[in-house]
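Just below sit the structures, each encoded as structure tokens.
Two complexes come next, and they have one chain in common, chain A, joined by chain B in the first and chain C in the second.
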Partner chain A sequence: MSRAFTSLPLLILFVLPLGASVVLMAPLFFDALAFQALLAHPQFWGALRLSLATGIASTLVSLILAIVIIANTRRDLVRDSGPLLAIPHLAFAIGLLFVIPPTGVVARLFEMLVTGGDQPPQWIAAQDPYGISLTLALILKEVPFLVWAMAGLLDRDDLRRVLQAHVCVAKSLGHGSRSTWFKVLLPQLLPSIIWPLVAVFTYGTTVVDMALVTGPTQPPTLATVIWRDLNDGEAVMNARGAAGVVVLSFVILCLLLVVGLLLRLGRSRIHGFYSRYPTPENSPTAILRQIWGLWRLSYLVIGVLLLLQSFSGQWPFPNLLATHFTIAGWQQLFGNFAPLLTTLCHAALASLAAMIACVAWLEWQRPARDHFVLLACGMALCLPSLVIGLGQYRLFLLLGLTGTQLALFLAHVLPVTAYVFIMLHGPYRAFDQRWSATASGLMVNRQRFLREVKWPMLKASLWAAASIGFAVAVAQYVPVQLAASGRHATLAMEAVTLSSGGNRALIAASALALMVLPLAGFAVAARLGRSRWSV
Partner chain B sequence: MLELHNIDLSVGGRRLISGLSLNVAPGEIVTVMGESGSGKSSLLSYIGGDLDPAFTGRGIIKLNETMLNGLAPERRHIARLFQDDLLFPHMTIGENLLFAVPKMPQNQRRDMMHTALRRAELEGFETRAPHTLSGGQRARISLMRALLSKPAAILLDEPFNKLDQTLRQSIRDYVFSHIRARDIPALLVTHDAADAPPGGRIITLPDMKRGSDA
Partner chain C sequence: MLNRRNFLLASAAFALAPKFAYAGDWSAIEAEARGQTVYFNAWAGSDTINAYIKWASDAVAKRHGVTLEHVKISDAGEVVKRVRDEVAAGKQDGSVDLVWINGENFRAMKTAKLLYGPFAEALPNFALVDVEGKPTTRQDFTEPTEGLESPWGMAQFTFFGDGLKVPKPPRSMVELMNFAKANPGRVSYPAPPDFHGTTFLKQALVEVIPDRLAFGKPIDAEGFKALSKPWLSFLDALHPGLWREGKQFPQSQSQITQMLGDGELLIGLTFNPNEAANLVAAGTLPATTVAWQHTEGTIGNTHFVAIPVNAKAKAGAQVVANFLLSPEAQAKKADLKTWGDPTVLALSKLPASDQALFSSAAAPGSVSLPGPAIPEPHASWVALIESSWLERYGQG
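For the complex of A and B:
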């Protein structure tokens, strides 16, 4: 097989569309009228403030909690966080809808235990004007991601050995566990999670689907304002929305640059931090050690609540359980089968295509070229989905693809490929070359070596990457909705549409389906990827 | 005085060290020799208090009349040097040194750091990053950092192993002279007899793999 040929799938499915999307955003910079219209929008400043507040708050709190969890939990956090990562943000936001708002479980419990009245409390609401519930939903979802990113570093063999030696030295110099953690381990971990943090921040600031479900409404976040404009029938509104995407991205970029600059300047001023002698040692309190367990529990609780709600008919306040149970919600969900089928097919297809593209690249391209693909992956993860989605939409318009299955496929495959490549890159490149030399020595050709040695040895990583790809595809909202142009619906799109309506059983059923699909993919992958010697 | 009484070390049911007793006087450097896998590094981990849980160790360790058994590593006042210099890569040379200085007023701490830099013959290197130093320079800083923590004993785990031949002799002399000047007991493990200080006591661990305990 020609070497150049094997790079084509990745270039065509991922790198070129990504590049084209970004380039096609450029003309938007020169639409002065649209910018004027945006600045004249009565909700603009309030919406921008809300977006930044939710983004900054969710990032900072998630980071602190992730650090506390990493420092105090003695478990295999990489393995633990996998399934939590697979659940789409959107399913989570909808789940919170049944926990927080006036008629949610929290309010019901509160009424039962404290006030004993039968009126839903007014002080508690899912779409609160400060974006608190949106921030909470973001935090619940981003903490496992940051935990996973840091735990993954600590888990790497080479790094672990060095860090263990560092811990040993720090202790011999008289530093206790906590001091060692904060002065020796954390400063070495933080620089390597800068990009995950940037991704968390841009996500929190620009998220659309979660904001539509749990975000404030008067004013909404800027991403929601933009989203309404983009989906408007009028071209003038579309242009204003596009200008909003440019402005929001620009503000985010400026903020990140300022933070980066401050960190650089601050570097020389933290002398005292390292030199201050051991902070007083108090062993981790029980509650700190339990945070991770509570986190996992909260996911379970939300799943159970969704399940209960999906079978609930009438559920008068303040009863803790519904008075009528029904399968109407599930009947309606399966009655409208097209979105479910579209999601299943496109998620499977996109992860398969991404796997082929990534394996072809990693197997036949020189490692020296990886950095440019990794850069593209970083871009795909750190750019707001509004930017990529809108750029892609403009590309599809240019090619006359909007509303086609091909456009839907391409919209899915781009983010999926970014995640699959990042997941596969490490294990694939770390594969010991001596296996291949051994096989050649046994007169085994390349194809047989791949089929019978290399891929079976890497199967856990391959299946894990595929299942992450599947989960990412199921969760896509912005780019897919734009590409579909109203002609197709996916499960995620259905769930967002439903969530503003009043059919709670159907809302819960669709959110649960959104949760179950990736988890099922995860379970299948874990089963298929396990070693033949494990029982 | 560092006292070891009847130390047993084993891993997975295999005895590595049995009944080792040893007193190391202040200023003395005792060398423990053994093949790889003889348990000599694990002996230092046992004394330092961070033996891998896969190993089991028994036997009393005393330092200046204090029992160390069961004490956390950071409370044992035992400094350690390894094959790698293990300077923290995210700290400057100055920060690496300050990291080890015990609690005292800030200007005194800085004085101690500067004294250490002078002794390492690296004045003016305070704000340099560890990776910009040569192997020999890093080895000297590593020793100075260990000594700044005012240790009551020091354990040396093949600390000259990764240095090239020309550097080895000078670093050896440097390390030994500074340890003697502090008048603290030191235990050196190595598989190279040339590493032992001239005239010092040498203890050779029996090679248990060949069944000499049978």
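For the complex of A and C:
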């Protein structure tokens, strides 16, 4: 097989479309009228403030909680956080919709235990004007992601050896475990999770689907304002929305640059941590140890509530349970089978294609070229989905692809490839080359070696990457919605559309389906990824 | 008596005349339509409407060999955007074959020449439309349709609530404001640009501005600013009594209906006079539900289907539009148990057997206190209503 040929799948499916999308956004920089219109939008400043507030608050709180969890939990956090990562943000936001609002579970419990009234309270809201419920939903979802990223770092052999040495030294200098953590380990870990943090921040600041479901409304977040403009019937509104995408990305970029600069300037102070006076305090308090457990419990609770809601008929306030149960919601979900099928097929297809593209690259391309792909992956993860989605939409329009299955496939495969490559890159490149040498010494050809030695040994990583890819595909909203031109609906699109309506059983059922699909993928991958022998 | 009957027969024959005039063309269109797939882009915010479209798609498949796919959208504006983008990019086989539309979206597509036609008045069943009694079937928000869209149903703004909790329904915007003051936090309306929200604002506009004639004419920003002062002061007075003190609004009419079912709100609103009856029949609302319109009248209009200029299945789309106008489809649509959407046809133009399909028995939840229909303001008012509302109330 020619070496150049093996790079084609990744270039065609991922790098080229990504580059073209970004390039096609360029003309938008020059539409001065659209920028004027944007600045004159009565909700612009309020919306921008809300976007930044939710993005910053969710990132900071998630980071702090993730650190506390990592420092206080003695479990295999990488494995634990896997299924939590697989659940799409959107499903979670919808779940919270049944917990927080005036007729949600919180209010019902409160009325029963405290006031005993039968009128829904007016002080509580799912779409509060400050974006608190949106921030909360983001935090619940992003903490496991950061925990996973940090735990993954700590699991790396090279890092672990170094860090263990540091811990020994710190202990001998009189640091207790907490002190070791915050003064020795953390300053070394943080720089390595900068990119996950950037991804969390851009996601939180620019998310559309979650904000539509649980974000504030008057004004909404800027991403929501932009999304409405992009879908408006008037051409000037579309241009204003595109200008909004450019402005929001620019503001985020500036903020990141400022933070980066501050970190650089403050580096000496960060290193000062090492020499801080050690504190011998040792035992983490019991409550801190339970945070991770509570986290997992909250996911379970939301799943159970969604399940309950999906079977509920009339549910007058303040009853804790519905007055009658029905399978109508599920019947409607399965009665409209196309979105379910579209999601399933495209998620499977996109993760398969991404796996082929990534494995072909990693197996046959020189590691020196990885940098450039990793950069593209970073771009795909850290650029707002509005930027990529809109650029892709313009690309598809140009090629006459909007509304076709091919467009839908390409819209799915781009983000999936980014995640799959990042997941696979580490394990694949760390594979011990001596196995290959041994195999060729035994006159085993390459195909057979790959089929019978290398891939089986990497099985767990391969399946894990595929299942993450699958989950990422299921969760896509903005790019897919734009590419589909209404011709096709995915589960995520249905869930967003439904959530502005009133059919709660159906909303809950679709959110559950959105949760179950990636979880099932995850379970299958975990089962198939178990090694046949241990090395 | 005999004369009268003869006259009716003669006028029926006259009304049916276009059918024969176009018969040759029409059978060619029907033949071309066979095997086509029609992507019907229609607002999907209501289960009953979605179920009706499903029924229609089964029927056209069986009778005309046309596959009707319901593309579920939340705002017709999306479709205008999509067609505009496609036409600008030179895409000939567009993604939209038929769109459910009216008002400002129709005007936007008509002015930008994004519509195919005229086709509507050549449809065989158009002869049955009550163009005299329901002039809005040819005047969409005062914009002449010119055969670019085919009427589908009639709508009139209607309020509803539980008769036990709202014993004396407010029959005007001022009474509604007083009701909200007496029941703080239990009344709301969807935030525009949701079309129910925009209609609520139009209703307030026509009730507080004395000069009704102005609404029939196009308006610009200055003119609107001068005229709209009493409207804004009315809203200023109304909002403190609303849900969340008028600082936040529900997203959609169906959300309001759900909140009504929960007891969080006391008054629901709809564009379909029979929606409350429909919801009572479905068991979603209690049998004590009542529906009403304002004494001086509420906004009424007609909704249409139109074919984009770059539609792929133009013949199929016309066959579907014609089927939607058939007495059978219109009667099914008007049935309270199905959708309850009033017909655009003139019952007098139908043969007796078809007339019998339209039953008019009142059911729990039907409009018990009706008011006259007020024509929609000209489509140019919509954007100004929405933007000035956003400017004043969109900041929280």
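As a working rule, the second predicted complex is superposed on the first by the 523 of 535 C-alpha atoms of A that agree within 3 Å, B and C clash if a C-alpha of one lies under 4 Å from a C-alpha of the other, contacts with A are read in each partner's own complex, and residues count from 1 in each chain.
The rule is short, and it goes like this: contacts are C-beta pairs under 8 Å (C-beta built on N, C-alpha and C of every residue); 3 or more make two chains touch, one makes a residue touch a chain.
Quick caveat, the model's predicted, so the values are computed rather than measured.
After overlaying the two complexes on the shared chain, residue contacts for A:398 are found with chain C alone; chain B is out of touch. Once the two complexes are laid over each other on the shared chain, residue contacts for A:175 go to chain B alone; chain C is not touched. When the two complexes are overlaid on their common chain A, residue A:504 makes contact with chain C while staying clear of chain B.
By the touch criterion defined above, A:46 lies against chain C but remains apart from chain B after alignment on the C-alpha atoms of chain A. Of the two partner chains, neither chain B nor chain C is touched by A:4. When the shared chain is aligned, chain B comes close enough to touch A:184, but chain C does not. Residue contacts after overlaying the shared chain place A:129 against chain C, while chain B stays out of touching range. Contacts of A:165 after superposition on the shared chain: chain B is touched, whereas chain C is not. Ranked by how many residues of chain A each touches, chain B and chain C are led by C.
Contact residues of chain B toward chain A in the complex are 48-50, 72-80, 82, 84, 86, 88-91, 94-95, 98-103, 109, 145-146, 149, 151.
On the chain C side of its complex with chain A, the touching residues are 39, 41, 44-47, 71-82, 84-86, 89-91, 95-96, 104-105, 108-109, 185, 191, 193, 243-244, 247-249, 251-252, 254-259, 261-264, 283-284, 383, 387, 390-391, 393-396. For chain A in complex with chain B, the residues that touch the partner chain are 165-166, 168-177, 180, 183-184, 187-188, 191, 271, 274-275, 277-278. Contact residues on chain A toward chain C in their complex (touch as defined above): 42-43, 46, 102-103, 118-120, 122, 125, 127-129, 216-219, 228, 230-235, 238, 314-317, 332, 397-398, 400, 402-403, 485-487, 489, 494, 497, 500-504.
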